[in-house]
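Structure provided below as C-alpha cells; questions to follow.
Each chain carries a letter (A, B, C, D, E, F, G and H) given by its place in the written order, and its residues are counted from 1.
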Amino acid sequence: MKQVFGRPRVLNDVVMHYCPGCHHGVIHRLIGEVVDELGIAERTIGIAPVGCSVLAYNYFNLDFVQAAHGRAPAVATGIKRALPDRVVFTYQGDGDLAAIGTAEVVHAAMRSERITVVFVNNAVFGMTSGQMAPTTLVGQKTTTTPWGRDARVHGHPLRVAEMLAALYGPAYIARVSVHTPAQVMKAKKCLEKAFRTQLEDRGFSMVEFVSNCPTNWGLSPLDSVRWLEENMLKYYPLGEFKLPEEVA
Amino acid sequence: MKQVFGRPRVLNDVVMHYCPGCHHGVIHRLIGEVVDELGIAERTIGIAPVGCSVLAYNYFNLDFVQAAHGRAPAVATGIKRALPDRVVFTYQGDGDLAAIGTAEVVHAAMRSERITVVFVNNAVFGMTSGQMAPTTLVGQKTTTTPWGRDARVHGHPLRVAEMLAALYGPAYIARVSVHTPAQVMKAKKCLEKAFRTQLEDRGFSMVEFVSNCPTNWGLSPLDSVRWLEENMLKYYPLGEFKLPEEVA
Amino acid sequence: MTREFLLAGFGGQGVMSLGMVLTYAGMLEGRQVSWMPSYGPEQRGGTANCSVIISTEPIGCPVVTEPDVLVAMNPPSWERFCGAVRPGGLAVVNSSMVKVSRAREDIRLTQIPATSLAEGLGNLRMANMVVLGALVGLTGVVGMDSVKKALDKVFPGREHLVAANRAALDKGLAWVTGGAAAGAAG
Amino acid sequence: MTREFLLAGFGGQGVMSLGMVLTYAGMLEGRQVSWMPSYGPEQRGGTANCSVIISTEPIGCPVVTEPDVLVAMNPPSWERFCGAVRPGGLAVVNSSMVKVSRAREDIRLTQIPATSLAEGLGNLRMANMVVLGALVGLTGVVGMDSVKKALDKVFPGREHLVAANRAALDKGLAWVTGGAAAGAAG
Amino acid sequence: MQKVVFREDRCKGCELCTAVCPQKIIHMGEGLNRQGYHPAKVDDQEKCTSCTLCARVCPDMVIEVYR
Amino acid sequence: MQKVVFREDRCKGCELCTAVCPQKIIHMGEGLNRQGYHPAKVDDQEKCTSCTLCARVCPDMVIEVYR
Amino acid sequence: MMKGNEAIGEAAIVAGCRCFFGYPITPQNELPEYMARRLPEVGGVFVQAESEVAAINMVYGAAAAGARAMTSSSSPGVSLKQEGISYLSACELPCVVVNMVRGGPGLGGIQPAQSDYFQATRGGGHGDYRTLVYGAASVQELVDLTIEAFDAADRYRNPVLLLADGILGQMMEPAVFPDSPPLPPPAKPWAVTGASGRPRNLINSLILQPDMLEAHNWRLMEKFRQIEEREVRWEEDQLDDAELVVVAYGTTARVVRAALGAARREGLKVGLLRPITLWPFPAQPLRRLKRARAVLTVEMSTGQMVEDVRLAVEGRLPVQFYGRTGGVVPTPREVLARIKEIAGELAQEAGGRK
Amino acid sequence: MMKGNEAIGEAAIVAGCRCFFGYPITPQNELPEYMARRLPEVGGVFVQAESEVAAINMVYGAAAAGARAMTSSSSPGVSLKQEGISYLSACELPCVVVNMVRGGPGLGGIQPAQSDYFQATRGGGHGDYRTLVYGAASVQELVDLTIEAFDAADRYRNPVLLLADGILGQMMEPAVFPDSPPLPPPAKPWAVTGASGRPRNLINSLILQPDMLEAHNWRLMEKFRQIEEREVRWEEDQLDDAELVVVAYGTTARVVRAALGAARREGLKVGLLRPITLWPFPAQPLRRLKRARAVLTVEMSTGQMVEDVRLAVEGRLPVQFYGRTGGVVPTPREVLARIKEIAGELAQEAGGRK
C-alpha cells in the first residue's frame, strides 16, 4: 500500500494553534501542497501579517516575514522588487486585508505586483476575539455589533474579489471555499493558478477563501460549515473573477 | 438687462491661487452653484485635505475643515456622525483620494456614509509639482515617471468610479468633466444629484471630475483641454455608474 | 492582612465567576479587592485563570504569581501552578478531574470532588460554586453571607441561577466542614 | 570676504541659471559658494528667486535676506526686494521691464535694459546672461573667464546655447563698462 | 449696454473662454493686468448672444453675463 | 492493513471529517487525547475506500490515507 | 466593580463623550466593545474605523464639530495615530486618546508595559506640540482621570492622552462613578456646525508664512506652559523623611507601594513619588526633597521616565534605575531587593564618610 | 555642485542602495525624483508607494530580503512611518530614513525646521527602541552621512535616520562623491531570500512570552549602548577657551558659525558644539568643558535638543535657549545679539563676584 494522502513536505510537523475546525489549517495545507507540487519551496518567501494566522511562520518550512497589520502587500512589494525571481505570497485575514490594509492590497493589485495574496475571509476579526470585520454579514452579531451588523449604520460587507476584479491591474482573482472536499479540490486548483500567474510573470494574483471562525461565530465546527454555506456563500459567490490574459 | 450668470453667493470674491486654466476653479464654482441652489449654505461643512485645493477653505464662505492628506472621508465621517443633519462634503485630488486615502474612501463608501465626495482627477500630483498619481495614464511623463508610466512597472491607472461602483455601499457615483460648456452643465446636474443623495439620506455619493493640470502636464490651458479629451476620456469614460435605489 | 488567590481551570469551568463572586464578597466586607483575568492568546489554549486579592491594605499588583490559595479545577492548571503556591499556603484541587501526583510538603492540600458534587446537584457547571463554598470554610477570608449577597451582584436578575449557586456553595462548605451543613442543606 | 546675491524675476526669465552660472564661477575661482532657490507654493505665483553666496569663508545660512547685490528682472521682484538691499549695496534692475519709482539713497543702482539688449541678440531668453555680464563688470566678484567656463558646467553639451550665452555676457559687460567691449563683441 | 462683463483684473489669460464662444468675439487683450496676464476681452458686445458658454468654462469667475 | 491512519494526538475533535466520509465510518473516540480532545477514529478499516475526503477537510493534518 | 477598560468607557459617557471611534487591538478591546453596546443607549455614536489612522481622523472630525470625542488603542496602533495627534494639537482640537500600552517594539507582545512613555510625553508626532498625559494606577483612577481628561482637553483645546496597560484594563476593582462631570462641557463657538447666523468657522493647521506659523507655535507653547503650571499632578507617599525616593507610575507604582510597606517595616526610610501626569512631569517634588540621598526610578521599560527624573534632579542626587520590560511586571520582592541594595550602599557611604 | 536632495540620492547609490520607496512631499521631492531617474540606470528599483505607511513597509520588505533600502519624507509623512520604524528596529532590519523636517505641527508649512528632534531621538514609535540619528549641515555632509548611514544601519542592523531641512535639501553646494562606500556591504545570512541550501530564515517581532520579549529588548538595548559608545559624533569650534558654549546642529549650526566669527571679532569667548549624531547625543564634550560658564542652545524649534543639553550638563552650568520655529531660520544677527546678551550677563556676574 502506498500513501495517497499525507502532510505536504513543506509544512512542519507541529501542532497548530488554531481552534478546532478552523479552516486556516486546511488553507495552510493547500498552500503547502501547491508549493510542493510546483517545486518552489527553496525560492518562496511567505508573509504573515497580524491575525490568527500571524504564527503561520511556525508552520511553513519557508523563509518567512512577519509583517505589520495590513501591510503585507507593501512588504511583499519590497521583497519582490528586490528579488524578482523569488516567489512571494502573503497570507491575510479580512481584518488585515479588507480593513486596515485596504490601500496596500488595492495598490499592489493596481501595480500588478507579481505576488500572490491568500486572503482568508472569515467575516470577523478572529485574533482579537470577534469584532466586526468589513466582511461581516448584515445581521451577523459580533462583539462590536451586539445587535447584528446593521446595513444602515455599518454598511454592506465589502466584496474584495469583486472590487479588485474591477481594476485593470490584477491578473488572477478567484473566490473559493474549503468547506467540502470538492471545494477543497477546486480551491487548490485556483491557488495553483494564482501561483502560476506569478511564476509566469503575468501579474498580481489573489485567492479569497471564504472561511470560518467557529470560536467567534459561537458555533460548533460543523455548524460553522453549515452557516458558511447558507449565509456566506450567498453574499460571497465562489468563482474566478479574473483570469490572466494569454501572454502574446 | 438682468444678470443671467455670475459668481455664486457662497463663493468669496477673491482671487484664487490656481494656475491659469486650471479646472479646480470651475469645479469650485459648480459646488457653489449647487450649494446656493439647494439653499444649504448654512448647514454645509466642507473638508479640504492636502493638494492644490488645500486652500479651498479660502474660497467658500462655509464652515470648513482642513484635513490630513487622504483622510478627508474619515474626517467627514466624524463630522457627519456627530451632526447627522448637516451636509458634509470632501474635496479631494487623485493623490489624496486614490493614493494615500484609498482605504478611507473605500470604507466611507462601504459604510454608506451620508457624505458627498468631490474627486478631482487630474492624473498627477499637482501641489507637489507633478509626480505620478495612481490615475496617471500609461505613457504619461511625470517627474517620477521620466520615461512615461510603464504598465509593467507602475501598473495601469486606477479607475476609482468603477472600483467604488463595484461596492454595495455607495448610492451615487458619477464621472464628469468640465472641459466644454456642455460637460459643465452635465457635471453640475450630477453634482446636484450627489448632494441630493445625501440630503435624502440615501447614502454615500461621489462625483469624479476628470480634470486638468496645465502646469504639470506642461501644456497650455487650451492644449490641456485637448489632451484631456483625447487621452483622459478614453481611459476614464464619463457617465453615471451608480444611482440611488428609489427609497421605498 | 492580604490574601491572594489564583483560580485556574478549563474555559467552561467558571473560574472567572468564581473569582468574581469571591471578590465581591470581599468588597461587601469592606476589604480592598481586585480581580484580574489572564488575557490574550493563551486563552485560546483552553485554560483560563484569574487572580483575586482581598486585603486590608491598598492592593499593589493585581496579578498573583505566588498565591496563598490556589484552586486547580483541571489537570493542566494543577501542573502549571502547584509549584507557585506560597509555602504554608493552601491548594484546593478538584479531585474529580485532577489526580495529585507530586505532593508538596510545605502547603496544605484539600482535594474536593467538585465536579461530582456538582453533578449530584444536577448541574456540572456548579462545580465552581462548590469550590467557593469550600474556600469559605477553609480560609474564612469572607463569610458565607457576603458570598451569597455577592451572587446577586454577579448574576443580577437571574434568580434561578442564584438559588442553584447557593445550594452548591452550601454543599462545598458542608463538604469541608464535615457534612453537618451538607446534611442541613440536603 | 562674503558677497551675497539675491536674483529675482518671472519664472521664465532664467534667474535660476543666472545664479547657477555665477555660483559655479565662484567655485572655479576657489571660493566657498552656495546656491539656494526659494521653494514651495510661492513658485506658483509666478515669481522665482534664488540666493547665491560667494565667500572666502565657510558659508552659514545660504538664504540671502539682505543681499549685497540684488538683481530684479521684473516689477514684482523690485517691489518686493528693493528695501532689503544692504546699505551700500548694489541693485541691478532690468530697465526694459522695471520702472524704478522709489529710489534709495543708500545703495548703488544700475539700470540695464537687459530684455531689449537680449532681443537685440535675437533671443529674449538671454536677458539673464546680459545681466550676469553686467554683474561681472559691476562687482568684479568673479572674472569673465570663470563665468564662461562655468557655462559649460551648467549647460553641458549644449554648444550653440553656450555660444549665444557668451555673446550675451559680453554685451552685458560692455554695456556697463562703456561700450568698448560691446563694440568688440559686435 | 454690455452683455458680457469681464473683470479684467481677475483674468489669468488662460484663453479657455475664447475657444468656446460661438460668436468668436473673445480675444486676448494687449496689456498686462495687475496679476501680469493678458486679459480676455469682448469689444463687439453687439454680437454677444448672452449664451453664457464663456462664463461656464472660465475657472476664475471673471465673466458676468446679462440679457 | 490500515487505509486511513489518524494521528490521534493531533486531532482536535472538530468532527469535520465525520461529516464527509461517504462510508460513515469515522466516529469520535471516548477518551481525551493529550490536547484534551476526543479524537476521531476509524475502526472499520475494511470499509474505507481510501477516498481521501476526510483527509482533505481535516484542518490539522491528522489523517494519512493509503491505498 | 468593573473592568478597567469598561470603566474608562463608562467614565467617558459620564463626561459627556458621545463619539467613539476605534479599531480592535489587544489589550483594550473591552473598551470599544463596551462603547459599541453603551453609546447607542445614550444616543451616542460608535464607529469601528477601518484603521487607527482613520479612527484618529474621525475623532478629528467629531472634535471639529464640537463633540467630546475619543479613541483608544494599544502601542502599535497609537504609533499610527501620531500624525493625527499632531494635527489635533495644531488645530487646537480637544479629544481623549487612550493607550493601553503593551510590550514593544514592533508587534511585540500584549502584556503590560510602559515603553511608550517617550512617545506620549515627547510627542511621537512631528512638530512643536505637547499633549497632557495621565498615567492611571487603579480602576478608580481610570474613571477619575478619564473624566478629567475630557475636561482638560476642552479647557486647553488640545488632545489629552491617558496611559495604562493590560493589567489596569483587564482587572476589576471597585470604582465609583459620579453622576455628571464636575463642569459642564464648555460652549464651542469655534466648532464647525454650519455657518448659520455667524461668520463661518475654520479648522486648519496649514500656515505657509513662517512668521505666522511661528506666532501660532509660540501661542501654543504659551498654552503648554500654562498646562505645565496648572495641571501637574502627583501623589507622595512618605517622602518627608525618605532617604531613598522611588519614582514610579501606573501599575509599577502599585508594585512599588507594596514593596514600600515591607521596606518601611525593615526600618528603611523609603518614599514613593507617583507621577499622575507624565507630561507635565512633576519635577517640583523632586526639586524640594530635603533628606533624600538617592532616587530610584522603576519602570516597565528599559528606561524612559528616568530621563525626566534626571532632568528634575539636575545632578543633585544620584538617580538609579530598575526596569523590567517586554510585558514582565516587576514583583514587589525584586523592587524591595533593589531598594535594600541601594539603602545598603547609602549606609556604607554614610559609614565611610564618618 | 548638486542640490542637497539629489546629493543624498547619489550618495545612496554610491553606498549600494538599489531600492528606494517614497511618496511625494515638499521639501524632499527632488530626492525621490532623482531616484526615479537614476535607479533604473544602475539596475535599481524605485517605487512610488501609495503612502508613507506603504513606503516604510516596502523598505521593511526589501531590507528583510537583504537589500540596502531607503525612504524619505518630511515631517507629517515621517509621523506616519513611526509604526514601521518600530517594526524595523524590533526585527533588526537595517535601512535609512530621511526626514527633511518642515514646520509643524499638523500640516504646518514647508520651510525649514528642527521640531522633529524629539520624534527622531526618542523614538516616535512605540516600545523600547532607538535609532541612530544624523543631523547634516551641508550638502557635502549629506553625502558623507548618507553613505555612513547605510554602513551603520548594516553594522547594527537597525534603522538610521538622517535629518535635514528644506534649505539643505534645496541648496546647491560643491560636493565630492567617493567612488565606492568605505566598506563593502556585509553579507546578510539572516535575510529572507528563499531557504535554498540553508535552514529557513524568519524576520519577526512577535514575541508573546514576556520573558523572551524582555530578553530580546535587553539585547537590543545592549546594541544601543554600543551605538552610544561608538557612534557619537560632533564637531567643536573654538571650545577650548570658550566661556559661552553654543550648541546647534544642521542649518542652525551654520547660522551660529556665522555669528561666532562676529562674536570672536568683538573679543567674546564663544565656541560652538555641533552635534552630528543627535542620538546618541554628544554629552561628553559638554561634560568636560573647563572654562565654560554658560551654554546656549539654538534650535529651529520651541526647545527640544535643549533637554539633551540639560541632561548632559546636569545643572553644572546654566543652560539658555534661543529658538525660532515654524519655518523661520534665525539670522546670524539675532544669534549674535543673544550671545552678547548672555556675555553681558556673565561679565556682570563676574564683576559682581569680584
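A few comments on the model shown:
Rule of thumb we're sticking to: a contact is a pair of C-beta atoms (placed from the backbone, for glycine too) under 8 Å apart; a residue touches a chain by one contact, two chains touch by 3 or more.
As the structure is a prediction and not an experimental result, all values here were calculated from the model.
Minimum number of contact steps separating subunit A from subunit H: 1. More inter-chain C-beta contacts link the pair D-H than the other of A-G and D-H.
Of all chains, D has its CA centroid at the greatest distance from the CA centroid of subunit A.
With centres set at the average Cα position, the gap from subunit C to subunit G is 35 Å. Rounded to whole angstrom, the centroid-to-centroid distance between subunit B and subunit H, based on C-alpha atoms, equals 38 Å. Subunit H has its Cα centroid 54 Å from the Cα centroid of subunit E. Subunit B has its Cα centroid 34 Å from the Cα centroid of subunit A. Of all residues in subunit C, those touching 2 or more other chains are 40-41, listed in ascending order. With touch defined as above, residues shared between interfaces to two or more other chains in subunit A number as follows: 19, 50, 54, 66, 68, 99-100, 102-103, 106-107, 111, 127, 134, 154.
Interface of subunit H with subunit G (complex): residues 53, 75-76, 78-80, 82-83, 86-87, 89-91, 101, 103-111, 113, 115-116, 118-119, 122-129, 204-218, 220-221, 301-302, 304, 307, 310-311, 314-316, 324-328. Note for the complex: subunit A touches subunit F at residues 1-7, 11, 15-16, 18-26, 29, 178-181, 184-185, 214, 220-222, 225. By the touch criterion stated above, subunit A contacts subunit G in their complex at residues 50, 54, 66, 68-70, 95, 99-100, 102, 125, 127-129, 131-132, 134, 143-146, 154.
Across the complex, subunit A is touched by residues 1, 3, 10, 12-16, 19-20, 35, 37, 50, 52-53, 55-61, 63-67 of subunit F.
Contact residues of subunit G toward subunit A in the complex are 23-26, 29, 32-33, 36-37, 46, 48, 50-52, 76, 106-107.
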